[in-house]
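There are two complexes below, and they share chain A, which is joined by chain B in the first and by chain C in the second.
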Partner chain A sequence: MKYLPLLLLAIVWETVVQLGLISRDLLPSLSDVARAGWTLLREGDLWQNGAASLYRGGLGLLFAIVIGGLLGILMAWWRSVDAFLGPLVEALYPMPKSALIPVTVLWLGFGDGSKILLIFLGCMLPVTLGAYNGARSCEQVLVWSARSLGASRLRVLWDVVLPSALPELANGIRTALALTFVLLVSSELIVARSGFGYLIGFLGEGGIYDAMFAVVLVVAFLGFFADRLYQRLMDRLLAWRD
Partner chain B sequence: MARLILPWISILGLAIAWELFARSGAVTPFMLPTLTTVLERMWIDAASGELWQNLGLTLYRALTGFAVAAIAGIGLGFAVVYSRAARWLLDPLISVGFPMPKIAFLPVITLWLGFHDLSKISMVVFDAIFPVVTATIAATLAVERELLWSARNLGASERELLHEVVFPAALPQIMTGLQVSLPIALIVCIVAEMKMGGIGLGGAMITASRFADSPGVFAGIVEIAIAGYVLVRLMALVRRRLLAWHPETAAPATV
Partner chain C sequence: MVDSEGDSVKQIAVERVSHVYRPARGREVLALDEVSLEIGVREFVALLGPSGCGKSTLLYLIGGFLPVEKGAIRIEGAPVRGPGPDRGIVFQHFALFPWRTVRANVRYGLEKLGLAREEQERRAQHFIEMVGLKGFEESYPSQLSGGMKQRAALARTLAVDPKMLLMDEPFGALDAQTRSLMQAELFAIWQRTPKTVLFVTHDVQEAVRLAQRVLVMSARPGKIKASVSVELDRADPHIYRSPAFAEKVDEIWNLVRDEAIKAQ
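Then we have the complex of A and B:
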C-alpha cells in the first residue's frame, strides 16, 4: 500500500507515452521496456552480464569486509597500529574512490581485476571505521571480567570484542554494500566489456533505448533490494542485542 | 595541537612512501610514476592553464548541482513534513531512491539532456539531493515540541515559525546532510565527466588513461583528492560559521 505512488508513476509513464505526449525516442513505454527486459532475460544477456557484475562486486566486497574489518579491529585493539594507521584512514576516507577508476584500469586492464580492486579499495574504509568504532565501544568492564576469568587476549578479542563490534560493523558493511553498486556500475559504464554497466552503455550507444531502460531499472532495483535484504538479515542476526 | 599536525604527518609519510616505493624499482614508472614526476606534471598543467580550466569546469558543475540539490532538497524535506500530499507521493520515492545506485541513470539523463553541462549538473542534483532530503526530514521531525508551542503561544505565524524556529533548530542536522552530499556531488560530477569525456578533471583523467599517460592519471587523482579535501574543509568552516550560536560548535564535524 505504501508503494502505491510508484504504481501510479508507472501508470502515468505508460499513458503519457501511449498518448504520444513524449516521443518514444526519449522515453520508451513501460510495456516496451518490460518486453525488452524479458527478451534480454530469455536470451541470456542479462544473466551473463549480471553474473560478471555479481562476481566482481561479490569478490571486491568480500575482500573489503574481511581485510577492512580485520584492520579496524586491530586498530582498536593495539594502540600502536592505531597511531600508525588512524591518521591515514582519516586522511584517505573523504577521498573520492571513483577517481581511482582510471588507475585500476592502468594497473589491471579492462577485465574483472580492475573492478574487484576498485570495489575493494572503495569499500574497505567504511568497513574499517565501522569495525574500529564498534570495537572501541566495547565496554571495558566486559574485557576486564573476561580477562580475570582467565581468557587469553585472543579469546577476548573473539568472544567479547568482536560480538560487541558487530552492530557498528554491520552499519559499515551496509555503506560498503551501497558503494559496491555505485562503484561497480560507474566503472563498468566507463571501461568494461561485460557487466550491467557495460550493457547499459552498449545499449544506449546502439540506440536500443527500451532495453537500456530495462537494464537501468534492473540495476537500480537490485541495489534497492540488496539493501532491504541486508537490513532484514541484520535485524535477525543482531536480534540478541536488546 | 597534535590533532592538527598528526594528519599532515601521516600524509607526508604517505607521500614519502610513494616516492620511495616508485623509485625502488619494484614497480615500473608506468604502474606508479614517482610523486615528483606527478607534481611536476601538475605544475606544467597549472602553468599552461589547462589545470585551472579543467578544475574550474568541474567545480562549476559540481557546485551548481550541489546548490540546486541543497535548495531543492531542503524544500522537498519541509514539504514532506508539512504537506500530507507531498509525504504520500515522495516518501516511497525517497525510500526506494535512496539506496539505488543512481549513477546507473547516467545514460538516461544523457539521452534526455545531451552531453553538455546540463546533463552533468542534473546527474549531480539527482544523486546529491537524497542525503539533503532525508536529513531535512529527520531534522524537522526532531524539533522539540516545546519550542513550537512556545513560539505559537507568543503569537508567531506558521511562516514565522518555519523561519525563526524550525529552520534554525533543524539546521545542525541539515548541515550534516549537506556535508554528506557535497563529496557525492564532486564525485558524481567526475564520474559523469569520465563517461562523457571532454573538458573537466574526470574527462582529462580518462583521456590520460586512454593514451596510457600514467603521470596524467595520477595527477588527476592528486588534484581530485585535494579538491575534495578543500571542499570538505570549507563545508566544515561554513558549518561552524552558521552554527556559531549552537553548543556543538566546538566539535569538529568533518564527514
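Then we have the complex of A and C:
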C-alpha cells in the first residue's frame, strides 16, 4: 500500500507523545487531536467555517480558470493581445501573491469579497500561462483541417485551439488549485471572521492546540483530496492522449 | 487564358503565382517563381518535385491556407479567398483531431454542414466502412497505426464530398506495403467517385501509378518544368511490371533527376 509511510508517521506521532518524549504543549497526541476534531465536527464549527472557505476558494478559482484560460488563449491567438498583455503577465508572475492580502482587504474589506479577489488574482496567472503555452502548441495543420471542413476562424478557437491547449491548461489549473489553499488559509488567518484559516488562528490564540491541529489536518487532507480528485478527472478527460 | 463560361472554366487555375517564404529568423526565400498551371474537372494530377521545391506551398495556396501575394489562383473562375469545404485536404501527418474518436473525426465536417444528427451518423459510418475502418469507430487516433490514421483522415475529408482533393504527400509517412495498398484504394475511390485531385509527392512511381498527368517542378525557386500525360491501364494489378510503366517512370525520372541533384 502506497500510503503506508503516512500510517507509520501517525504511529510515531502518537507514540512519542504518549511516551512523553515531546511535551503535549508543543504537540498534542494524535488521539487528542482526533477527539477534538470530532467535537468540532459535531458542534458544527468545522462545517460553518468549511463552507465559508469552500465558497471563497471555489468562486475565486472558478473566476481564475475562466478568465485566466480565456486570456491565455486570446494571447496565443492574437499577436496584438500578446504584445499588450505578455509583458504584464511576465512581470506579475513571480510576485508573491500573499503580498496582495492587505491590498484586497483595502479594496473590498474583511468579508468574502477580498478573499475571492485575492484567490482570483493569485491563481489566474498559472492558468493563463498554461492556456497560452497549450494554445501555442496547437498544430497548424489541425487548424487548417478544421477550416477546410467548414469551421469559421472563431469556431476553430473552440473546436481546435482549446482542446489542443487542454493538457497544458490542466497543469496550470492544478498549480492554481494548490495555490487556492495557500492563499485561502493565509488570508483568513490574517483578516477574517470565518473560514478554516480563521478557525486555526482563533484556536491557536486560545491555546486549544489539539483542536487547532485537527483543523490543520483537515485542511491538509482536503488539499490532498482535491488534488487527487482533480487528477482523476483529468485522466478521464484527457484519455485521448497517447 | 481568359475563361469564358461553362466547360472552358478550369477547376483550378494558377496564374503566375510567386510566393516568398519568410522564416521567423534568417533571410527570405523565394519558394515559388511565377508558377502557372491548370487542372480540369475530375482530373487526377500529380505535382512532383524534389523536397523543398515549394510544391506543398503551392498546395497550401490553392487550399487558401496561405495568402496569394503575387499572381492569381482561381477555383472555377473565382479567386481563392481562404479555405473552404469545396477543397478537401489530406496532410502527410494525418492531422486528425487527437481528442476525437474516429467517428467524431469523420463527423466533424458534417457537423459544420449543419446536417441532422442521424444523417451525420449515417454518412460518417458509410465513409468509415468505405476506407475499411469498421470496428474502429470508437478508437482515438493515438490507438491507430499510421495507415489507419490516414484512412480515417481520408474518410473525414471525403465525408463532406469536396469537389477537389488536395493531397500533401499523403502516403509519405507510411511503410512501403501500406503505401502501395493505400495507392490502390485511393485510385479505386477516385474511380467510383471521380473528383479533381491534386496529389503532391516526390515519389516518381507513385505519381505515374496514380495520375493522369504529372507536373514536374524544378528545384527552388519552384517552377513547373514539364507536364507529362500518363496513359496506362490502371485496372491492371501488375501495372508496376508493365514495360509502359517502366518507360514512363524513366521519362519522368530523367526530368526530375537534375532537379533532385540541385536540391541537395
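Here is the rule we use: the second predicted complex is superposed on the first by the 242 of 242 C-alpha atoms of A that agree within 3 Å, B and C clash if a C-alpha of one lies under 4 Å from a C-alpha of the other, contacts with A are read in each partner's own complex, and residues count from 1 in each chain.
Definition applied: a residue touches a chain if its C-beta (ideal position, glycine included) is under 8 Å from a C-beta of that chain, and two chains touch if they have at least 3 such contacts.
Note that the coordinates shown come from a computational prediction; the quantities given were computed from them, not determined experimentally.
Chemist: Between chain B and chain C, whom does A:Ala220 touch in the aligned arrangement: first, second, both, or neither?
Modeler: It touches chain B, and chain C stays clear.
Chemist: Going by the contact rule set out at the top, does A:Trp78 touch chain B (first), chain C (second), both, or neither?
Modeler: neither
Chemist: Should A:Ala146 be classified as contacting the first partner (chain B), the second (chain C), both, or neither?
Modeler: second
Chemist: Can A:Lys2 be said to touch chain B (first), chain C (second), both, or neither?
Modeler: In the superposition, A:Lys2 contacts chain B only.
Chemist: Please name the chain, chain B or chain C, that touches the greater number of residues in chain A.
Modeler: Looking at chain A, the partner in contact with more of its residues is B.
Chemist: With the two structures laid over each other on chain A, which partner does A:Trp47 touch: chain B (first), chain C (second), both, or neither?
Modeler: After superposing on A, A:Trp47 lies clear of both chain B and chain C.
Chemist: May I ask you to decide whether A:Trp158 touches chain B, chain C, both, or neither, giving the answer as first, second, both or neither?
Modeler: Neither partner.
Chemist: After the superposition on A, what does A:Val103 contact: first (chain B), second (chain C), both or neither?
Modeler: First partner only.
Chemist: Thinking of the overlay built on chain A, is A:Trp240 touched by chain B (first), by chain C (second), by both, or by neither?
Modeler: second
Chemist: Mind listing the chain B positions that touch chain A in their complex?
Modeler: Going through chain B, the ones touching chain A are 6-7, 9-11, 13-14, 30-31, 88-93, 96, 99-108, 110-112, 183, 186-187, 190-191, 194-195, 202, 205-206, 208-209, 212, 214, 217-218, 220-221, 224-225, 228-229, 232, 254-255.
Chemist: Within the complex, which stretch of chain A touches chain C?
Modeler: Per the touch definition, chain A meets chain C at residues 139, 141-142, 144-151, 155, 159-160, 163, 166, 239-242.
Chemist: Contact residues on chain C for chain A in the complex?
Modeler: Residues of chain C touching chain A: 60, 63-65, 82-85, 87-89, 91, 93, 95, 97-100, 108-109, 112-113, 140-143, 156-157, 160.
Chemist: Could you please specify the touching residues of chain A with respect to chain B in the complex?
Modeler: It is residues 2-6, 9, 26, 87-88, 90-91, 93-103, 105-107, 178, 181-182, 184-186, 189-191, 196-197, 200-201, 204, 209, 212-213, 216, 219-221, 223-224, 226-228 of chain A that touch chain B.
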